[in-house]
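Sharing a structure, written as structure tokens. Questions coming.
Chain naming follows the written order as A, B, C and D, and within any one chain the residues start at number 1.
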Amino acid sequence: MSKIKVGVAGYGTIGQRLADGVAMQGDMELVGIADLAPTLSLQALREKDMIGANGVEYKVYLVDGANKDAFKAKDIPVAGTFEELCKNVDVMLDSSPGGVGAKNKENYYEKYGVKAIFQGGEKNSVADVFFHGYANYEEGLGQDYLKLTSCNTTGLIRTVDCLDREFGVGKVAITIIRRVADPGDYHRGLTNALQMDKAPSHQAVDLMTIMPHVEATGILVHTPVTHGHIITVLASGKDGKKITKEEALAAFQKHPRIRVVRIDEGFSGNASFFKYGRDLGNRRGDIYEIGLWEDSLVESGNDIMYAIHIPQESVTIPETIDAVRALMGVQKTREEGTAETNKYLGIGNFKK
Amino acid sequence: MSKIKVGVAGYGTIGQRLADGVAMQGDMELVGIADLAPTLSLQALREKDMIGANGVEYKVYLVDGANKDAFKAKDIPVAGTFEELCKNVDVMLDSSPGGVGAKNKENYYEKYGVKAIFQGGEKNSVADVFFHGYANYEEGLGQDYLKLTSCNTTGLIRTVDCLDREFGVGKVAITIIRRVADPGDYHRGLTNALQMDKAPSHQAVDLMTIMPHVEATGILVHTPVTHGHIITVLASGKDGKKITKEEALAAFQKHPRIRVVRIDEGFSGNASFFKYGRDLGNRRGDIYEIGLWEDSLVESGNDIMYAIHIPQESVTIPETIDAVRALMGVQKTREEGTAETNKYLGIGNFKK
Amino acid sequence: MSKIKVGVAGYGTIGQRLADGVAMQGDMELVGIADLAPTLSLQALREKDMIGANGVEYKVYLVDGANKDAFKAKDIPVAGTFEELCKNVDVMLDSSPGGVGAKNKENYYEKYGVKAIFQGGEKNSVADVFFHGYANYEEGLGQDYLKLTSCNTTGLIRTVDCLDREFGVGKVAITIIRRVADPGDYHRGLTNALQMDKAPSHQAVDLMTIMPHVEATGILVHTPVTHGHIITVLASGKDGKKITKEEALAAFQKHPRIRVVRIDEGFSGNASFFKYGRDLGNRRGDIYEIGLWEDSLVESGNDIMYAIHIPQESVTIPETIDAVRALMGVQKTREEGTAETNKYLGIGNFKK
Amino acid sequence: MSKIKVGVAGYGTIGQRLADGVAMQGDMELVGIADLAPTLSLQALREKDMIGANGVEYKVYLVDGANKDAFKAKDIPVAGTFEELCKNVDVMLDSSPGGVGAKNKENYYEKYGVKAIFQGGEKNSVADVFFHGYANYEEGLGQDYLKLTSCNTTGLIRTVDCLDREFGVGKVAITIIRRVADPGDYHRGLTNALQMDKAPSHQAVDLMTIMPHVEATGILVHTPVTHGHIITVLASGKDGKKITKEEALAAFQKHPRIRVVRIDEGFSGNASFFKYGRDLGNRRGDIYEIGLWEDSLVESGNDIMYAIHIPQESVTIPETIDAVRALMGVQKTREEGTAETNKYLGIGNFKK
């Protein structure tokens, strides 16, 4: 069977990792990546002779408005235009800045019959389905356009969907302790302040779009750190049914994309996961799984409360790869689709 | 009627503010403050000729082990020993480092019949009652030893007690987003990390000690900031009775020690309160009220969720002054006791 | 003699403190303050019944474009328009956002014959003289428009001018470790990063404008803190003449606006000064003096190296008040002008 | 020729990277690593089936006092004791906590004739020579014990030695803007503060030990960041000889372990290097070179001033590998020794 041909639009924080994720799939081919300027990330790629993850060469295409001379000045080889890339792919993973994806769809994807997967920055209306690999894989089957949940929502839904399938969930109330910037960002920092967002947080609203039978609300607070969000979740069983600490723990431990950890093992906070990913020797130090602290699990009456860690740079990659599988219809069920993604990304190996 | 004679043991972050708070009470006399070393705070006092809040002179007494020469080297006048201070006060506000208060009780307070109020660092057993001015004032009446709730618990209980008295509260689940250090601290910082505590947080446990009819649990996360904690609270009405957003808001707005604010007024986060206190021209820029964001209030089914700001340095001062009133029995009810404290501290003026 | 009538345009971080500074001068009258919107700072003023420093009422005037209803909604009384304020003052302290000061000059100051003092955000060309109270007071005498040096330059020049007058200085090379935001800022933070500016830093260039006989250069690095800059200075004597550590220390200790401190006293870093100002009970916790660490003083061959602390919010206030004195020509010499300012601001009391 | 047998004592931040560095040398064999407890770093290694850099298996040995059962509980295979490791190596890279290296020397290295290289935490007296690969390689030839310079000193000396060999350097004055913690540290943070050290900084003193003909002094300030130090250096030519900006730049550009970068390329600060290393796909995201900002280079009279970036986790690895080469005497000159290290670590490839 021929490989699925995939392109990546936008080689930023998410785009780089999508390219890496595709390069690691045995049944996909990374045709190319597209960007506007010779950023540090592209300079780093050139320093490595354009070889990215898994020994794959990343070919660079230029989006409209890009200055070819600027790429030349940095010795970055250019393979063609974004339009040319569109002609040669089955699916485009669009991680352009918010709003650009919608224009790409209008200008190119519809024209060339390219399926596309958009990230959280686009409006929901750009896509046929707002997608999560574990929660609604089957709704994405055979569609043309999917939109992925954002980083916090992706990780959050892993746990809520996990509880929901085991026990039934009626309601969740979340507190998002959000990192304000990624490592290397200088333009959106916060210094010695916790900043409030108007409630309810969009992540709670998004959860309800994906899981309409659950009532969700929440509060988001920005914090001056870069290594991952922490979310506390209070989940209530459907119709008030009790979920015990032991039951929840057992369910979480079975999920391939949830790492259950303990403070006394050394996982003291969000920075521990960042360090652990680097110590694993993973490319960019990335981890695809979310963390869940066993020692945060407490019962509140019939409800269950717990805290999770969201590695914001990499957490959406597996679900985006799931989305490619759903769009192309190669795997017909969530079990098969996510298992294939997990296999190629090495997810779940920590369980052994 | 003669004034209540009050001493303060330990002139650290809390002790300084207790001294200021006592100096502002028209019916109390600050007999003196006691400390071990000529800290920056004492050097600052000396630079102002030992004049503290409200034009009151602060007399310095030395605790056991203090080096008198070190005080002399900094030109800080010494009025006597801690034991001498004990002989001259009705009540000692003990804000010594954790554990020292218990020793002071054994060595001095019991010996000289001095009533005492301990801060959160001491064990509960040191006191007759674990005290909160609004939640259990009457239990403190006429006792000898009270222990105050810590900063987060003090502020949290203001809101839970407020809802409980209006609607009845059955259960609360909290997420504490904790500042790790005070401004000027160098020894307990955190850099680019969110650090987890084992759940349930002690604040939830402490709340249940003060309000035993409420079931409480929670998760605490340390964040690298200095200007106040933020707590999100999910409160459930007793027996599942619904509390609406409008009802909760109306109740909070009536409470003198809760400032209801909005993001669009400029209260973007914890640092806004810190700035506001400085702009008020308050001594040390302190604010005694907690903040509560109107735009954080959301309903979760029958439950109500909201976020509050805790000014860690100053929030316990009013409840400690309440405790003096309870111990001495001058005001017999929570309404009278807290009103008198509020009057002298200027609390509630913002409501006008 | 009648008091100098002073207005303040812009009630932001600097404007508030200029208003306070003027209110403390026995020979000046704060006619009013002008702003565009009912900011938190003005809401705080209203909460205190419009009473600012020294018991003075601050009257609020509205600049062009201000929405009167917004002020009304916050119960902030409005005394008139900015134009009306201009008609009633001798000198305007213009701390408007950068560029607005030049327009104010064109629209109002020239029209009404109002002298004005601009802050660092305006271009040098807006003023007759780029001014520093200690370095070139006499050049400001009788002028119409002065521009103040920015916070770092103001503090830096205090030390370089001090050495220059004692020993002669030929050259300085500085490293500015800059705070990125003020307490309460959310819009210009930096998280877990040190950010470079292109060298030479503008502060070195500005120093040469004020002290043209000194050669200056330097590098500026932004750091994620809010409580004051630290600058290291390497100063070379004129023609290579040696300045010893002891000589430099003695000179610094005589300067009223330089606090010589030591780490072992408790001045561990920039946050210690912030805490100290609060402990002094100063309004907003402000300190007007810069700090200079005695234990940072080292010799580098014939050169002298030292580190200073710049309290960015308040450091320019005394030199701005000096500027009023120079403009009005009441005190004819730097010694008299700065001494009068110091007296009213309580500067130098720490020396006693 | 048989490979040099190398062990690593202490698998912490430095030890892990030393192990990786050795594993990448074609002429060295990593016999094993030794540690006390099954840290997160060892748990990460186990998750990768004990395979570290370059496909090499890392065998774990237990130091005295280690709890074998704790390793077993984490499924980490143990190859033997530290003493057994000592018997099987030619050189031990000792990155134990400060002071432990000296005991290891006394207890094991001397006993088994193992050469050893100590990190900056040990006293200078533990070693025959205080070593830097570029500055004094030849002094290390054939010795038994070397001590490496600490991270800041290592990077600093690269630049000062570079200038010294080209132009002669007489004097340097440095300002170290130091990160306080590594990513993943929770125990030594700093929050919203810049903390002073007593001058002169030990790095200046250490530089003089390695380069006794240079006079050095400096001031160190701790800052709340984790991704690398920034040092500003003012270097004076020998006997006051002028070093121009262009000359200095040309010299730095030729040095394999110095990356000359510009802000307008995207290297905005220290975090840019951290991001760049991750984008390169380097193991742990590490970079061995220091950064030097071309746009920080300025002349101060005859002196030259510039700013460098020190990647604290990895910068000492190349010089430590150089030290192995010097100790074993395989390469007899600094040019040969450092070139061999550079070849295996991929250093200097960015120059192409």
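To be clear about the criterion, a contact is a pair of C-beta atoms (placed from the backbone, for glycine too) under 8 Å apart; a residue touches a chain by one contact, two chains touch by 3 or more.
What you are looking at is a predicted structure, and each value in this text was computed from that prediction instead of being measured.
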item	value
Equivalent interface to A-D, taken from C-D, A-C or B-C so that over half of the residue contact pairs match	B-C
Chain pair with the higher count of C-beta pairs in contact (A-B, B-C)	A-B
Chain B and chain D, separation of their C-alpha mean positions in angstrom	48
Whole-Å gap between the CA centroids of chain B and chain C	35
Approximate Å spacing (C-alpha centroids) for the pair chain A, chain B	43
Overlap residues in chain D, where contacts from two or more other chains coincide	183-186, 191-193, 195, 224-227, 267-269, 271
Residue ranges of chain A touching chain D (in the complex, touch as defined)	16, 39-41, 43-45, 47-48, 52-53, 183-186, 191-192, 227, 265-269, 271-272, 274-276, 278-281, 283-285, 349-350
Complex contacts: residues of chain D adjacent to chain B	180-181, 183-186, 189-193, 195, 224-226
Chain A partner contacts - residues on chain B that touch it in the complex	170-171, 173, 175, 177, 192-196, 198-200, 215, 217-219, 221-228, 230, 232, 234, 236, 263, 267-271, 293, 295-301, 303, 305-307
